[in-house]
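The structures considered in this document are given below.
One chain, subunit A, appears in both complexes that follow, with subunit B as partner in the first and subunit C in the second.
Up next, the complex of A and B:
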């Protein structure tokens, strides 16, 4: 009888899994479909949207946000959030630009490494506040959002670094392309693939999911939760540092206000990309696609001559739609699992009645 | 027992602030034995489990592994030493697959990272060893509690655990799931594991275990061979006093019909359920887990919508799907899961008690703290609640006292119909008797009580009438005289239609 019962359960399990799989796939597939529709419709209305220059701009615009979304995903998966990324980007962008402007002789790789390191240090501050001092991530990183920006302002003291002050070689990074693909987009793509591989195939990557899925169980499973959370914040900070250099290279003109408010775009991309805001599930691919979708929409709305103010509202509506879709799907899955569980055949063994349960 | 114990505690003490959770407790676990840990809620069993599993470090005393003193700096150390814990609520990662749950942190690796194929094969092999069939790829979300526990046991096996601690593993299992778990436990014991088994059900200890160690108020009482003692002896060791009759339902004359449920149906959940509960009566709703009893209660109280039928309270039809209407009509529901549904765990005792009756402690648009406190203090005394301060959060209370808070919350409203769902689940023997006394007094004072219970002795001892559900239908109504373990079980398992 046990065999029959468990066989029934296994079948139910498979049904549940197929459903979950399908939904998971739909989440990323859905974004791809949305992108296809967006490009199709906009391209039909205004073919210049599909021109090389336009596509290149879209890739460049989404590269930095996508990079930040990849980093943010690492943090969100652990059931945390990092609001301070935009300030870290600002700090790294200004720091890198200033060093290059004042000392044109410094090798560019050293500047890039320095910015990544600066970002990692900022990430470590966040990580220690959240992981060690147990300050809720929302509060801790809201604090550092202001603190890092404050440091940036104090450092800049109203100064601005212009493109003319920076070496040609550095600015070329922002405009050069390999086989027609912008270098910055390639950097984001490589980071995406590496982080995606790590999250799926390294124990430490799976542990991030475990922490977000059930923090208490993660402790009991012997996972070094604190260390992993700090590591996630450090990695996110380092990527934000990298994004800062990319920002400086792309825009050339850098002051203390760089990237202000971008943290919300990043989180929006992550959420639209299907990363559960309460941790435990989602992929960096989804997050990066989310970033691509959001910047494509912005570009499309501009091409379609939609009022810039309406654009924000449309972005907001899209975000809510994504979250609503997520919730509806989650409820559907839960209902399907519940239906499958209700009264499975042969669950109760008549011969066993040691108690009335 | 002449061989060295795998794991033992020697004179271990642990305090949390001013509360001395355990005092000088000693415990030996030998390979090939199932050792029971008995005690009321708050006796220190959970603390012992957490010390053994490395979650807490003892303030004094020693932990011995194979006779050598060890220190567990954290759960990882205890696991390294071969100690595994199956908690009552399994601690799985719902978003991850069964196999990842088993091998988290120890996934088989190849040169290219985690080797999923090897992991799948290893998980399948573990399930074969346990004699169960589970799909390694399915997500843990959606598994039944019983299956989740099996995943936990597979996890322990994969770690070559030599000591398996099961903390109330059977509390949420149905009969055949318990039998399956006991089968697995016996297999492990025969393979030389040491098992520590915690349960509130004495009959399970006597069925499965070889020895039993009893704790009372954090202190060690005795370790006995199960064969040498009777359940009554064990209860005496746990409570430290003779218990009054466990089930003191007073005879009462049933009054007029207070609750009338007519042909109530919720598609796919329960069908055509009709019954009445009169004032002064305790009516038990028995059946196997999943028979639809709690769902009927939820529908009556208006939490879930019903598809057909009616509910009348004191002759007046109740608006469907409205807990507000149900409360206004004099209904109260003490839910099955007090931590999730019955209480706001972080709120204070007084606020929890006041929660269902804010209208009564209102002054204008504001809640009067003084009235709230007075009401709470009043009910705390009437229910003999054990607490330090009424302003303490309820999560510091033991399970039994938490249940009293839930009861107080509803009783303070003066309900005419009280529905209690598993009123004594997971609470200790002493408090259980108090809850029974209380229900009996309520019935005597004219309240109609509908009691859902999975414990047959409770059903038989307390109920004036027993309704039995099977697969969503009411299949039997037994009077007190007709109700026996055999007749209730026969109906609950569908072998006899009434």
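Up next, the complex of A and C:
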């Protein structure tokens, strides 16, 4: 071998290693691998699972839960939780649908803004209970889970708003697509990117992590803990309100029971996405991927002709498998990084360190 | 650091408001105090007197699977209307969740209120029986409707339509639409939903007849009466059986979700959809061609009939024995069948020609 070839190999080798290093540091890697395996296996058995129409359906199916998971992440990284999201979705969905059904003349953007506002108000109630009155989040939001749903029931009084009652233009929001991507998925994506950027780059975003990592230290460091926690709950509520409108537009049939029980799906998505349930770490990207994984599993099982009675059990098993895979990969990567650190310093350049989060 | 806290009073106030709201959610709509001064119920008479007049001022309580379920709202309104017709007083009370045991405390309250009759749609055939037996021991007449209890928990069961009729007619409806040919699937509620499972058995039996030899039931999918899951299952059916000819969804949530999905998919009109749904829910989809025809009993009539059955029991016209007859206002005369069952009749088929005549 000539010297030039060896040099070239070394360069390529180092570049490759740097790339591997970089990829391995991405916390969400495990979920991406799990998604790839799921799509690969299901696509091999039934290629129509990978068709455009099918992928579009999966994106649509996960859009609402992904949006909720992004909001929930904001709350969870402050070492809190919001169980009431499903009730807020239900309230906003019913409220929006009812206004549209009874007053066809109201502009749709006004209705959407109203639902987001309604959600934000609900979020503010949660935030005040948790942030100001110091009620543990689990208890406070469990209470509001029932309270908001109760208001929804009383408001609905058994009424159901059907697709025929709502304007065509509104229902079209649930089905239309921009450049082949469903509108609802785009909304979720935009929210995801904006919130992701804010969490990473804004002071207020970083402070949420600080609060979750160590609340006492956060107070001592001069962070306005109460204000930040209330803000996280308000943002989560507003996103739940938005999700409510999306729900009404997508499903077209709305009554007081909309989204009952979905809070567990949302929290599952957040946890699967690698957000620590005790706060302080995790990203919204992970949570959104978690939502995508959950709905993909359900879709895959429906396509694979799995026995319907066994579906729920298999669903749970796959979920645990995905988390285990994620965990194993994370541990491996951590070990590999430790080994890499113990090697001579010229292997890892300072710029590599700055890339690590 | 938290001595001066302007937030706290606000939060406290919010908490109080919510607490009040929460209390309003699950309780009965009735005024309990107003019910205390009622006369004791008459002792159960051993024999029926078909010519006994309907008593005036009968107090009939409707206990649905859950309040706020549009279907039961309509059914109970039908029953309350009937009660007004015969000079009685009807009211709806019930839990806000459809769990097995949630109705028991309501039954106990109704016993204390000394109602004349309880009309119940049981969340669980057995869980409510001990409470209902106590009610019957206290002289209260018990009518089950929509979902039966075990037979010893009630006097009469008003059946919305025979399970057999419903199962078979849904297959007949779909067969007409697809020309008795092709693969079909069922999108049901939960895997353990008693009603749906009984209907599906009759569907399978109907499909075994020679005229359906070219039709094949390829899959029973379960949407769990959840919008999202029903959507996903419909998508799964279309993907895994590209040559699917039709779907039967014997549940109102399932058929609405499937219709919403199909109406926007390329399979609209090609894959036929039928099943059980309400006209208001499916009006849009019948008009845009996603659904040709579907069926359902009229829930208002169901409540109406149950109300009259309760009044006939409380007035001594019937005891719940086979062969007894009673009149149910505008619906005409009904006969109690085996096991104390009263059958409402065949389901109504809705299509684009008649759907605008119905509003429920």
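Annotations for the structure displayed:
By our rule, the second predicted complex is superposed on the first by the 281 of 357 C-alpha atoms of A that agree within 3 Å, B and C clash if a C-alpha of one lies under 4 Å from a C-alpha of the other, contacts with A are read in each partner's own complex, and residues count from 1 in each chain.
Assume a contact is a pair of C-beta atoms (placed from the backbone, for glycine too) under 8 Å apart; a residue touches a chain by one contact, two chains touch by 3 or more.
Predicted, not measured: the structure shown is a model, and the values here were computed from it.
Of the two partner chains, subunit B is the only one that A:206 touches; subunit C does not reach it.
When the two complexes are overlaid on their common chain A, residue A:53 makes contact with subunit C while staying clear of subunit B. Shared-chain residue A:219: touches subunit B and subunit C both.
When the two structures are aligned on the shared chain, A:280 is found in touch with subunit B, with no touch to subunit C.
Comparing which residues of subunit A touch subunit B with which touch subunit C, the overlap comprises 219.
Those residues of subunit A that touch subunit B in the shared complex are 1-3, 5-7, 9-10, 13-14, 16-17, 20, 197, 200-203, 206-207, 209-210, 212-214, 216-224, 276, 280-281, 337, 339-343, 347-350, 352-357. Partner subunit C is touched in their complex by these residues of subunit A: 46, 48-49, 51, 53-54, 57, 61, 64, 125, 128-129, 131-133, 135, 143-144, 146-147, 149-151, 153-154, 156-160, 162-165, 175, 219, 226, 230, 247, 250-253, 255-258, 262, 295, 298-299, 301-305, 308-309, 311.
Interface of subunit B with subunit A (complex): residues 53, 55, 74-76, 79, 85, 87, 91-96, 100, 104-107, 109, 112-114, 131-135, 137-139, 141-144, 147, 173-176, 178-180, 201, 203, 207, 268-269, 286-290, 453-456, 459, 471-472, 485, 488-489, 492-495. Residue ranges of subunit C in contact with subunit A, taken from their complex: 1, 5, 7-8, 10-12, 14-15, 18-19, 21-22, 24-26, 67-70, 72-73, 96, 191, 219-222, 227-229, 231-233, 235-237, 239-240, 242, 253, 256-257, 260, 264-266, 280-285, 287.
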